[in-house]
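Have a look at the structure below before the remarks.
So that you can tell them apart, the chains are marked A, B, C, D, E and F in the order they are listed, and the count of residues begins at 1 in each.
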């Protein structure tokens, strides 16, 4: 662990932190400088993420003991295949979002770059941490940064949506603390691996409490993941936020999904005795319901941003449905789906802004507007992304959906999953076709003239379109990665072993030592007066 | 001896706390409430001092100091709000 | 004592929730604050109750309160403060942008 | 010298304060305290706009003593008023023209009035010429004003203001 | 001996503290009530602090005087608090049994004040700050 | 062999060319497109020849084994048949479109779409892997969407395209489901495996669902009843597109699949009872409607539906011979229908209308077209010596054959004959109404025969019709043979392609149909009126639109119900969800545990009373906001006391400081908000909230109780043990904060920094009304900064700073630390602002506060990074004792620097937030008055 190369685990957190701090210090500096710094930070992050991904790709679990304190006493960062992949997706998304933002939308408010970097820090931290309370801290970092980014640009709609988003999430954070507190109060530890061990050896009279805490935690994660009925905050918030911000938000629901996956496979996974596979039945039902409700929203949307926001809800539902199935194939399918849907929805948000900008006063409203001089380009990109998101071949969403259905084939839920996934795909496709033909084909002769889109602005969108296609071409290697990641998730013993039996470090203690030392302490170390 | 005095002291201060609370609740005016709150703060300082003596530990001294400081700042802020509205201007 | 604490946590939560469900920003902020008090108290007592044994190491003492929840609560208080400050200012912003202080931006 | 040690008295007070706080007079703490007693006034110098010139320190000390004793008396008096029949309280507002002018002395006087028997400085007139005092037994306002003048204002005037 | 002294100080302190709060409840108008906490409570806490100082000086090696700090602090701030509360009460025209001093004594009404002009101006142009 | 993927790939790659070529000149895009199609055709020759020898060529490349998806192409008889149809008719269409498209139509885009479509069709018919097949299947839906909506400014084109996409795309999704089930049954998506597994498929319980789903795909694509209505609306496409899509390609994809999976799926009762009736119904309904359409293309569209019904029926019958007839009719229909569409296009192009009520007597103007159309229409009607006759004859034969099985099947030949008669009738109408039937009256243009080249494609097709009609076995015969072999996956049954079979019942039916058709056409006028009164108002498009509207309406209604933009609703849902989960977790479990409890003392009880009073007071007075705030601060105070009592001095200090800052913050905010809350909650609403609040409170209270009454064991014992040796401090809480869990603290100050930045952002150009009076209507006091306060506050500053330093330095060993120290400094400075005003204070405060945030964050992070230099992980601490003469033992720890960073951030943030907030009013007042008094 003394090898400096291992610092790569913390790099995805530190790089944005330092970049953000630098930007805070350079308050009032010129926009080009800020953009350059921000972009450099992201490129560095991308490099670090890639390095991290390569390091864990062969199945190694990297454990980074902060302050050299061994788990479960200190905080550890753990990089496994899943977290490295999430970090990677975040970095890629960040690159695109930043490419988009520096075309001008970052100037609509100040502090965009600072908030952006801190949001990245929060996201990566949430993906990497191996400590439940530290997860809370990173949740808060990413939330508060997202509050700021949501409000970036200002305006009444954003203020209102922001207020809802913030208050709902504040309550969510309170619930998180209630849950973490209960877990600590019963199990006496915060490290997730250690929690897993203690849950597995839970005396029966404590089961109720831990179950209550676990389910409460599920509410928190479900809120972040926008699982019905806790998704209500999302459409308003995402449609009100400027695309420069919301492009990065596309990954935020994934944090909820990630946390569900992490916590309920590691702590309440198959080996958790009476608490095994605690949330899977909920996930399956609610996930499917989420897809349905999201589709209703998609059909009912009157503007493109709202429509795309509901698409995010649908994709979240799809992912969680897959996670709810619980098998390796299903988890793998869910992950496969999740990575691409983050990119595609982000690109759709970016495209939405471009469309809105060219249409002038008509913005992204779904009604006939001025003739678009670049209808072919914009419409073409929209078509590709719409197909990808609706799950129509040959784009990435299709493979994702097929994988999810395939994973459900030998489960009793197959009929429901197939019916809902397929029919909502159709309805989504219809809604997108309507939206697309209204936006790009239908013209209102009285609507005045539209402006040409900025081509540079479309580069990230086009890049995602290409990636979506490549995602299909290279489906096999990607899937074998997600499959391996799923396998890793389903054998939490490796994770636990890696975290708790780490090498002895200077200043740190191995678990064995510490147990002998803590034996000297009375179990209830708090004295009574 | 000391313990008895402490017990009585706690009792008296506790009653004082409750009386201040009563004034805080019944008001009737806003300045009354500030006054009651201020007194409550000072009462808690008393409580902390007693606790310090009882536990024979001076670990709570800073808390008393801060309560005294913040009780004052709070009173100032609340009172200024009533007279000026804008407390930092 | 445990019962007293449990009652207090419950009461704070109840008051917090009731205020959270009001229609104006200021009571909602008050509700958030009350709720965070409840949470902090709750999280703190998860290390169990102990009187007169702060976790300051002293030579002749073996009993200490559980320091870990205290550290967690400290973090939670600070984060809660940041969040409260944010939401307060956001309430002002919303008032300026929406013209009233209703949480949904419209007078009912 | 002035810029390096803007407020020697303050510095001294701060050093004392530091030693009080740390409950120790080890050389290390004295050194640290001195350092702080030097640095903090340096930083806060600009907040101290009005220079206090203590002309007669002894008089000020005597005043402090008077006030402390009066505080004790004040409390016993107030105690009797509180516990006794409420009819004995005949409150009233008194306008007391001020002779002290400086910010510090006016403030000090106002505080002293509040701490001492039966009186409370309620407001300062906008032109700072009058203090409005609330007295628990305010029937004889002239007597109260005279007493305040003699016991507190005059020593303050002598100690702090040029006359 | 020291113990008795400390005990006595504790009793006096607690007694005065109670007295302050008792006055708060018993007295009839705000201006009267203002007197008790500023005096009784401050003194009460003061003697408790002295009790503490004595106690710790007695019990532990070295002199414990930092309690004095709190006491000094309270003695400085209590009158200021009372003054500000009284100001607020006068501003609000809280009723007094003995009648209130005229408002002209309390507020500045010449053109230099911050109050009247913006008031008048803003009333004429309500949209100014909208 | 390796040519197979190339055949598919070429059109896709070629699709990029036309938009480029069109820049060189419009015709170039056509030639390039034609070249692409020709290239693909050329590539087909070599493998085609081996297929004609009876071989099945398969090219396979692993792609995504986990999904069962491989890149696999197959060329067998059936595929070859379709490839040839797609490419040859495609070529003709390309040629035709070159003259058909108007000047203003963007030709490059047209050909690009066409090539995309062509490639998708080729991929579809050549797929060996079923999932790959499905991908191409959906691609045809999408590319046809683009083709149909080619004239995008036309509402009917957009609508038609969307209907087509919805139906065929939806069918594709059903097909996907079916294929996945099929794959599950067989264990492979390879066509070879699936075709070989016929028997086991039938035995599987999933067979019926799989069949139904696959047939849904087939029926939607092939426009079978009741999904047929998309097809007529797809006629809004340019005619070449119609000619291509509805003769040889798009709609044939459905029947192709029927043929492709014939060995795997057919032969069951379910198959027959679903496919045959649907085919029969479609046949009749299509033929019926075709007769009554006044639009030329509409007539052709419905006739297409009808013919597809016929083919479907043939496959539904399920015998090998019926399959032969089906395949044969696929070929024949493609030729005559393509030519008819092209002819209709020419008529439309030249005469300016397609309405048969306006067209008449065109024979005089365009005899060449007329002749060609007449032959093609005759083929469609099933006139002998033309190809249509042959396959229709085979069809009649099969119906008679079926009727011999069971009594009830007598209906089959009867219905077939009726359908035949209707086909004759509409064919007749097509010819007679357009070319004869008097003279044209009000045509938009004077028609004449089109340019030579536009007729060539039609001529080619008509020649084929005749050639096949006369010499079937020499023309289509060999191809049909291999195709049938591929369909049946075995030897073809004995069939004969002869024009003359003798006097068979089928011949009789043909004659009957011809005669009946003529009769129907003769009495067409009364029939039109009768149809008008009966079905005139039934419009599939209106139905679809109605469905779409209903969908939209209901989804909007549901959306309004679910996605209420109400915070209260969201919170009610969230809190209820949490309660449900808690209840679920607790259910049936003991609440109270076995730990020993602490006694209750009077001081704690009265503190609890204060807490309760404060909390309830906050609720009760929440309308009087200022009062509520005072009540809230009581709660904060009591919480701090509780921390003191329960051995947490650090927490108490923090709680107190934060509480103070929060109160100041709330006061600052309250200034700009209404001081009272209006009464606006209804009683039921209040009761609901109360219930929820009580439940929530009860739940957390119970949770607390449940945990507190249980004994536990935690990791903190280790922390107490290691605090001094490992962390170098006796204040374990502080050691945890800055060392053991320093990362949390770093995160925490980051949160603060972000909050400050966000707040800073929000406060920029924030304009708020500054209240000019207090809530009781009194003007504000003129005494901005009371003198006495100002004097003493200045005195407090150095004292507070001293205390802060004290608290900071001892933090590691005794209660205190950077955070609390920072807040004390902040409060002391805030006090200056409170007492002296912003302008006065700012003037005297050296340095900006804002950079403190960044610097503090940087310092904390850099301290953490410092350990990298020594080869330790982030935030590894070190500590040691420094022995200095005189001064004595000085303890230094790296975490002090970290804590200093924390302190700087805290100061920066608190002041930035509060002062910024305070300045709103200042800025506002500056707007109102320019008064130097503020700087006093």
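Convention: a residue touches a chain if its C-beta (ideal position, glycine included) is under 8 Å from a C-beta of that chain, and two chains touch if they have at least 3 such contacts.
Note that the structure is a prediction, hence the values are computed from the model and not measured.
**Student:** Mind listing the chains that sit against subunit A and also against subunit D?
**Tutor:** Joint contacts, listed by label: F.
**Student:** Can you list every chain that touches subunit A and also touches subunit B?
**Tutor:** C, F
**Student:** Could you compare the number of C-beta pairs in contact for B-F with that for D-F and name the larger?
**Tutor:** Ranking B-F and D-F by C-beta contacts puts B-F first.
**Student:** Report the chain whose mean Cα position is at the greatest distance from that of subunit E.
**Tutor:** Between subunit E and every other chain, the largest centroid distance is to F.
**Student:** Would you identify the chain whose Cα-based centre sits farthest away from the centre of subunit B?
**Tutor:** F
**Student:** Nearest chain to the global Cα centroid?
**Tutor:** Centre-most chain by C-alpha means: A.
**Student:** Please report how many Å separate the Cα centroid of subunit C from that of subunit F, as a whole number.
**Tutor:** The mean C-alpha positions of subunit C and subunit F differ by 40 Å.
**Student:** Subunit A to subunit F: how many Å between their CA centres?
**Tutor:** Roughly 18 Å, centre to centre.
**Student:** In whole angstrom, what separates the CA-based centres of subunit B and subunit E?
**Tutor:** Each chain reduced to its C-alpha mean, subunit B and subunit E end up 11 Å apart.
**Student:** Could you work out how far the Cα centre of subunit A sits from that of subunit E, in whole Å?
**Tutor:** 54
**Student:** Going by the touch rule set out above, which residues of subunit C reach two or more other chains?
**Tutor:** 20, 25, 28, 38, 42, 45-54, 56, 64-66, 68, 72, 75, 79, 82-83, 86, 90-91, 93, 96, 103-104
**Student:** Can you pull out the residues of subunit B that are in contact with at least two other chains?
**Tutor:** 10-11, 17, 30, 34, 58-59, 65, 69, 76, 80, 82-83
**Student:** Listing for subunit E: what residues touch at least two other chains?
**Tutor:** 22, 34, 42, 64, 66, 69, 73, 76-78, 80, 82-84, 86-87, 89, 91-92, 106-108, 113
**Student:** Can you work out from the touch definition every pair of chains that touches here?
**Tutor:** A-C, A-F, B-C, B-E, B-F, C-F, D-E, D-F, E-F
**Student:** Over in the complex, which subunit B residues touch subunit C? Could you list them?
**Tutor:** 55, 57, 59
**Student:** Applying the document's contact rule, which stretches of subunit E touch subunit B when the two form their complex?
**Tutor:** Subunit E residues touching subunit B: 3-4, 6-8, 10-11, 13-15, 17-18, 20-22, 24-25, 30, 33-34, 37, 41-42, 44-45, 48-49, 51-52, 55-56, 59, 64, 66-67, 69-70, 73-74, 77-78, 80-82, 84-89, 91-92, 94.
**Student:** Would you pull the subunit D residues touching subunit E in the complex into a rising list?
**Tutor:** 17, 20-21, 23-24, 71-72, 74-75, 78-79, 82-83, 86, 89-93, 95, 110-115, 118, 120-123, 125-127, 130, 132, 134, 136, 138
**Student:** Note which residues of subunit E are touching subunit F in the complex, please.
**Tutor:** 73, 76-77, 80, 83-84, 87, 91-93, 106-109, 112-119, 121-123, 128-130
**Student:** Under the definition above, what is the set of subunit B residues touching subunit E in their complex?
**Tutor:** Those residues of subunit B that touch subunit E are 1-2, 4-6, 8-13, 15-17, 19-20, 22-23, 29-32, 34-36, 38-39, 42-43, 45-46, 49-50, 52-53, 56, 58, 61, 64-65, 68-69, 71-72, 75-76, 79-80, 82-83.
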